[in-house]
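Naming follows writing order (A, B, C, D, E and F), and every chain is counted from residue 1.
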């Protein structure tokens, strides 16, 4: 684990993206009409993501435990794809990129699990960092 | 959560794939030469994956807790990509597809986290089920 | 921890109740109109309850880890009160009463936490077992 | 999750109450004479509460992880009831009300679980905030 | 993780020992007189051990999650040493030796943590398996 | 739990030691030749230790959750013994001695678990604090 005792606190923010690709418009319709048997997909996956992002240092060996001061999830539907944006903020010595990536993956996996009974062809694609600020560098990565 | 009290145990197996795309041959070389500063990438990510797969029902709301009787991770390097195969087995009433998907994502995220200091362009791609057996249907999905 | 090695599996079911008392009809209206700032109260609390019920043996020292084969949450609004019913099923050597009680308490606490910004007078009342079946005795406790 | 990056640290303290109602004086006697088969009720439930309070952000979706700097549990016996007081302190940007409520509920559930073999009529009542200080407002709620 | 899908269930039992060596008779007296400031050492450490043993597969990568059907802790004081015996039972395909070892270590660490303010010279010694039965072989290891 | 609200942050560091004693030079050779069937012992045990040290407050009742800002593991082979050094750093109000002890024990238990199939005589010895600095006192304890 990287030694961060000599670093100082700054406001850090990161947004990660995960994409869930369904195989049929029917699946997208079921989500939008709140007709998925396991429950409301967006609300349940958001809740799982809020809890999951706090578990990042329990799962990833080198992640420092840090005070997550904000976590938020947004969804966009683009054709057969659900695009998840997970944003995390902290005021701490190290960034929250991996936290955002992990949170986005938990949201995506929850959606996958909820859709599995109605769509066998769901895949998760493109878990990646979209932007980060704070620390030595602010970077905006090119879009999707 | 689906009621599985009426179901019976069968041997279930699932293999999921996650792909980590690096942005440079130097990154791949560092992994293969065990020269990544944070440690041995394949051994550390495997360990995180073995622990992570057991945490699946803690992260995904509808997943039943189940006796994971085998979990194994294999890596393949293809050009700039690391292809992760996570296989999970159980003898239980419900399958281990989501467990395999979640385990693969933890392995991929650990690799991402370990490579981040030496490669800013790493992405996770294509977390998907490759095959499953047991239960009502055995399916082999088409390759990568 | 009670030694259960000599016991045999039977279908066990338990339903527990928790009651969240709000202090104003406005709070109830906000829940029903999906106008609570923190999100959809019933969906988020259900999700937290599904995850929480699986953590029962992590929190209560003498609880055996057991295969939760069903967990479900239902809500009823009675005046200023939200009545939560948490039902849990297993096929195992010991009952799921405490699991149902713990799950109900997590649902109630999540509702409390979500309502706190809009209602300072929320209380949790009457966490109790409503009925259980399986094992040596089936009991239906008198109503609320 | 509420964004607290702009807030500043103050000393926060909260005390929550949970009430466990037994159905018989014999149960109370067994507790006071340290004659409950599962062990010393007050010591075991206190220990579970100290561990449980730290797990609050793992269970409640919107709770920020925060540095719990003190947690303490006190018991009072009033007739057939055990009154639990859980006090939590932090120096942080947000309060510890929900942490105190959750800790009190874990203590109450542990007592319930320990008494179950000797008293089938135990209920948990009145999980509520008694007082809080720090932040924008200090409030003392009216007693039990 | 070893593949155990082909194995069958038998009753498995294991007892592990951990020894906590204090540096002074005063420490032993404080424990026996229930005068340690942090609380009742034996009850608190037992509770931590009961919870800790259930977390073994969360901490040790290759441990299979398994149904712990009994866990019990016994203490003996020998001179300046506290001898902890942790016994674990399951009916499953694989043994509980490591679970017993891990549980014993959590009990020992809790005692260490509770005694630290009154005795700077505490050490943990001899965490080892005392006996196991079930599976291919029953073994009684020679004493302390 | 000790009230630390009145204390101030200082750099704290602690190193703990655990010793794993094997029963045969063949075991040591297998470790050094990376020929242990369960995988690379030092890398896997290190990973488990990095994750485990962060779980200290989940296992030990009186441990405050604190920001672990560094954790590192070193191994030395001395005859039939593996000597583990676990170092932890924080800038916080309370020390990391117990965290270092707990981390060292998780590393030792992982090694025990990995060696069990090839060596039935492995024991864990001498989990103890080697040195600490920060807080009221810096202490270097005498060697092994």
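Following the convention adopted for this analysis, contacts are C-beta pairs under 8 Å (C-beta built on N, C-alpha and C of every residue); 3 or more make two chains touch, one makes a residue touch a chain.
Computed from a prediction, not measured in an experiment: that's the story for all the values here.
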What chains touch chain B and also chain D? A, C, E, F
What's the overlap between the neighbours of chain A and those of chain D? C, F
Suppose chain centres are the mean of their C-alpha atoms. Which chain sits farthest from chain B? D
Between chain C and chain F, centroid-to-centroid distance (C-alpha), Å: 39
Measure off the straight-line distance from the CA centroid of chain A to the CA centroid of chain C, and report it in whole Å. 28
Whole-Å gap between the CA centroids of chain B and chain E: 32
Centre-of-Cα separation between chain F and chain E, whole angstrom: 17
Which positions in chain F are in touch with at least two other chains? 2, 44, 47-48, 51, 55, 58-59, 61-62, 65, 67
Report the topology of the inter-chain touch graph, choosing from line, ring, star, complete and other. other
Which two-chain combinations touch? A-B, A-C, A-D, A-F, B-C, B-E, B-F, C-D, C-E, D-E, D-F, E-F
Across the complex, what residues on chain A touch chain B? 2, 38, 44, 47-48, 51-52, 55, 58-63, 97-98, 101-102, 105-106, 108-110, 112-114, 116, 120, 123-128, 139
Applying the document's contact rule, which stretches of chain E touch chain C when the two form their complex? 11, 47, 50-51, 54-55, 65, 67-72, 89-91
Listed in rising order, the residues of chain F that touch chain D in the complex are 1-5, 57-59, 61-62, 64-67, 92-93
Which of the residues in chain E end up touching chain D in this complex? 39-40, 43-44, 46-48, 51
